[in-house]
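Presented sequentially are two complexes of chain A, the first with chain B as partner and the second with chain C.
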Partner chain A sequence: MAASDAEAPGMRPWILMSPALGAVVLLLAIPICFILVYSFWLRSAVGSEQVGFHLDNWVEVLTDRFYRDILLQTLRIAAISALLCILLGYVPAYFIARSTTRHKTVLILLLMLPFWISYIIRTMSWINILGVSGALNVFLLWTGAISEPLQILYNEGTVILGLVHFLLPFMILNIYVSLDGIDPNLVDAARSLGATGWQAFLQITLPLSLPGLAAGSLLCFVLGAGTYITPMVLGGPRDAMFANLVFEAIITQLDWPLGSALSLALLVILGSVVMLYTRFAGIGQLAKSFR
Partner chain B sequence: MSALARAITGWSLIRAFTVLVYLFMFLPVAVVVLLAFNANQFGSFPMEGFSVRWFAALWNNDAIVRAFKTSVLLGGLTAVLSTTIGVLASLALVRYDFRGKGLITTAMIAPILVPEVVLAVALLLFLRWLEMPKSFLLLLLGHVIFTLPFVVLIVQARLVAVRREFEEAALSLGANGFQTFREVTLPLIMPAVFAGMIFAFTISFDDITGTLFWKPGGVETVPTQIFAMLRHSISPEINALGAVMVVVTVAVPLLGAAIARRMATTLK
Partner chain C sequence: MSDRQPVVELREVVKRYGNFTAVQPIDLSVEAGAFVTLLGPSGCGKTTTLRMVAGLAAPTAGDILIKGARVNDVPIHKRNLGIVFQNYALFPHKSVFDNVAFGLKYRKVANPEIAKRVQRALDLVQLPQMAERLPNQLSGGQQQRIALARAIVVEPDVLLLDEPLSALDANLREEMRVELKKIQHQLGIATIFVTHDQSEALAMSDKIIVMNQGRIEQQGSPEEVYTRPRSEFVARFLGNSNLLDGRVLGRADGLLRLAVGGLGDILAEPDGVLEAGDGASLRLVVRAEKLRLAASPTPEADVTNLAGRIETVDYQGQSARYFVTVGAHSLQVINPIDQRPHAEGAEVSVQVRARDIVLLQPE
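== the complex of A and B ==
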């Protein structure tokens, strides 16, 4: 063993880490500091921003009723979507966890499939189903149940539908991981002590699956609340979500300072949800579904 | 007997519900693929015969072919870059103990904890401050940063399972650190490295949220091209492009899984 080897391990992990760490610092940490700085600048008519410390953007974001309403609408849509994902996702997760090995592999593979199928394709696919000349309307017209095509697309309901369709696999996977880790002997023990199947589920299985349920809900809520594509494709003009405001400010109006304040507000709100969660459950639960 | 009957009905209800949920997940996409073969010129029901004319139309549409090339190039470069730096970081995180490890582990997965819109705005602002115009490079860097956490999580999980004794044996037999990595560690974690690359490629190929912010004017990827086409109305061409997308994003991982399995068996 040369002397250099004794010193080397001190530096080696940092050398190995430096490209990735450099990328995270340079492409994420510093840019986010920039949002903060920019949010205090002012937009000027000539194009370049007025540098300084102005609270105007923040006052606008925090006091304007328009922004508050859209924020509440965003949180409501994300919460409803997460809740629907729980209602739709728990039973399939339970089924996968309890099925025989051969079925299980196929079901899990199928569950991974939507992750691979393009998000934009899955979102727009609903236009083929619910649009004026979509499958549903054509079918209903054919049966004679309606005489005019129904306008079912482009409202809050279809935005939620699109989000649930996009988020459901995340929920099922997280609940499944939790359910699969439960020792089956626990349920058997409860049954042999006289509990009915339903009682054993309520008192053993359900509480033990709560970590997965919480991780899935968090993921669905945060991903749902940060989206702007789904409302643009499946929503009407009044169904904008918070991220749409950011897109609008930055890309359409080129109002960078206002866009900065808006995206920072979104980061703080969703960030505090994540913080609150990691405080109670730890970050590890989220990483579990990758194992 | 009646208890058994009840149990069976309960279970079959659960199964029926599961089947419905799976149908909900897949039916709309199946409809896209089905309508891509529709001979009807409006791309909607009812089907008027089977035709591949819309796929031919895709092939002759320069904008779409260009978008496809951009997406493949972007996804490929993202996969290589992201996996390279991700593997190095995973090695450091799993094989060494150092101060601030917890913080750095969190930093490595931070890009998926930050909403993609915020990430997109942040990076865009930084480049604006540097007075660099939007470019393909920005798009690439953006895609690398948000695929990195997935690579790190996958490779880390595999690396934890590789016993340190193998590396120690190589080192004690006189191999240096790099040789040990190349001859021992890398072959053992190859399936995960491969999986990470596939993951990074598909995420990049699929991304629209960040891409719409970062793409320079005139450059389109397949998802942004579809998005732009959707502005007008849904057309059979979009469905055909959707079908191609589905095939690419499903076939690449399946192919990857098959190759990874081959690699795993040859190792044994």
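== the complex of A and C ==
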């Protein structure tokens, strides 16, 4: 290479990455920096922000038991939803992975179908099913099984139901990808060596699908823990999740600085979960499911 | 059990997928300790046949017997088989030791005995130090050996090999070929080997079963199948053959004289089985290496001399492959090189001995 070449060899990757890097910096890094700066401001009594460096918001977020309890509730709801997604998602994922190539495309397309409908509409549809005058109550009243409509909605159970409804396709896709990558000869080999179908599943298929299971769980957990629409639409007053607090602070109370501190706290906590996962499983597995 | 009873026997076995018949009714048997090769092009039904013996595919009709017992309804894990797959199929998340020990755990073998037998199997495939490694830390050839160790450690009734060498590079393939045959012979396991590679089949087999379009074209020892092909397909598939159409002119000194259009008259040894009265049409198979190029005709009575001209020379080291124009035909000739190959354009005498010509009924 000529010495006068303006592009030093070390620069080439950076130049090639610059469009993506630019987008990440402009759309993610800089806004997050703004939010970080905001979180040190204060909201004055008259409603305008008081510029400066105050730790008050952070002290409140980190010491108030209320925020800690909501955080734990958020993590619990997200974890239960992710766990239910594993239990409900494995069999469909296995079924898709084992079907013929032609059927696979159709099944995966069906799996994607819900994404074409707004998440809010999908969540609200549960009101028509489980609400006081919803399909389930109407049916039960008609059969005579109950004489008064049941109050099914607006509790932690329905929040989890809504989250599972939203998250299940992500879990199925992730498990499917790892199952699909398993060489079918491995199971045949295990069977030929004396393992029954169930033993071969436990010894070969299940352990080899764990990376997909872990990636799906992480995705479901993070998406679940960051949601505010589901608890807002399907939860009761006591089922708020952490993102609802951010929503409340910013939209209702117009307290942008506190909202910023809250959202950064959530970002750090969920970010740590992702880091932990990367440490043990590798982020590459997560990338696979998006190919 | 008598030694004569075949270890594996297929009786009138058929496999259909919908309207497509993958395997026509076939019969075959594998004797104790024998190395039997299913040879054929892709789609000939050889792998399907192997999968039926393995229990990975159910025959549409017919019976499969292992050690005299019908196993059609016996699930794969109860058949006591060892299978080596083309892509090795080692369990990637298990160590070499756990891979090899896998089958023993389901046979209720005690742990100390498992350790002993795994070690013996690893010694046999000459990888005694690899027990702790993971499969992806091994080379292709090593993975292949571990796959073999895993299959034989359970002392299977039958060893099934599904193109086990085709993923290896050429040198390693030849080495493994010798090794595989040696181990098989040492253990005396009845073996079914599936391949599309004729040289593997010829080098390793006690019996070759040539398959085409779901049918068995011919079966016999490698020598029989190679030197006495019973069909045009076999003649074409194994080795390099020249196929010619001839008409019987008559007999002289126990030899048939055949007229080959555009070539001249050729002497051939009569085949006891074929109808070969005067005027009968026959197909002649002449192996490329059975034709001999010489500077001048030979006077030997059972040799046909044809005058030809060398069109192309394909130098291959120990031998050369020639395309020689004789009359209206182009004949393929492979001859060892004596000092230097014949030159392109040279006028030569193409000679063939009567007993080296195989006669077939025209198809």
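What we mean here is this: the second predicted complex is superposed on the first by the 267 of 291 C-alpha atoms of A that agree within 3 Å, B and C clash if a C-alpha of one lies under 4 Å from a C-alpha of the other, contacts with A are read in each partner's own complex, and residues count from 1 in each chain.
Methods note: contacts are C-beta pairs under 8 Å (C-beta built on N, C-alpha and C of every residue); 3 or more make two chains touch, one makes a residue touch a chain.
Since this is a predicted model, take the numbers as computed values, not measurements.
Within the superposed three-chain model, A:Phe280 lies out of touch with both chain B and chain C [touch as defined at top].
Judged by the touch definition given at the top, the superposed model places A:Met124 against chain B, while chain C stays out of reach. A count of residues in chain A touched by chain B and by chain C gives the higher number to B. When the shared chain is aligned, chain B comes close enough to touch A:Trp116, but chain C does not. When the two structures are aligned on the shared chain, A:Gln199 is found in touch with chain C, with no touch to chain B. When the two complexes are overlaid on their common chain A, residue A:Ala23 makes contact with chain B while staying clear of chain C. Once the two complexes are laid over each other on the shared chain, residue contacts for A:Pro92 go to chain B alone; chain C is not touched. By the touch criterion defined above, A:Leu208 lies against chain C but remains apart from chain B after alignment on the C-alpha atoms of chain A.
Once the two complexes are overlaid on chain A, none of the chain A residues touched by chain B in the first is touched by chain C in the second.
Within the complex, the chain B residues that touch chain A are 7, 10, 14-15, 17-18, 21-22, 24-29, 31-32, 35, 42, 44-46, 84-86, 88-89, 91-93, 95-96, 98, 104, 106-111, 113-119, 121-126, 128-129, 141-142, 144-145, 148, 150, 152-154, 157, 177, 202, 205-206, 208-209, 212-213, 222-223, 226-227, 230, 234, 238-239, 242, 245-246, 249-250, 252-253.
Partner chain C is touched in their complex by these residues of chain A: 183, 185-186, 188-196, 199, 203-204, 207-208. Per the touch definition, chain A reaches chain B in the complex via residues 9-10, 12-14, 16-17, 19-21, 23-24, 27-32, 34-35, 38, 88-89, 91-92, 94-96, 107, 110, 112-114, 116-122, 124-129, 131, 133-135, 138-139, 165, 168-169, 172, 197, 222, 225-229, 232-233, 243, 246-247, 250-251, 256, 259-260, 263-264, 266-267, 270-271, 274, 283, 287, 290-291. Of all residues in chain C, only 54-56, 75-83, 85, 87, 89, 91-93, 102-103, 106-107, 150, 154, 160 touch chain A in the complex they form.
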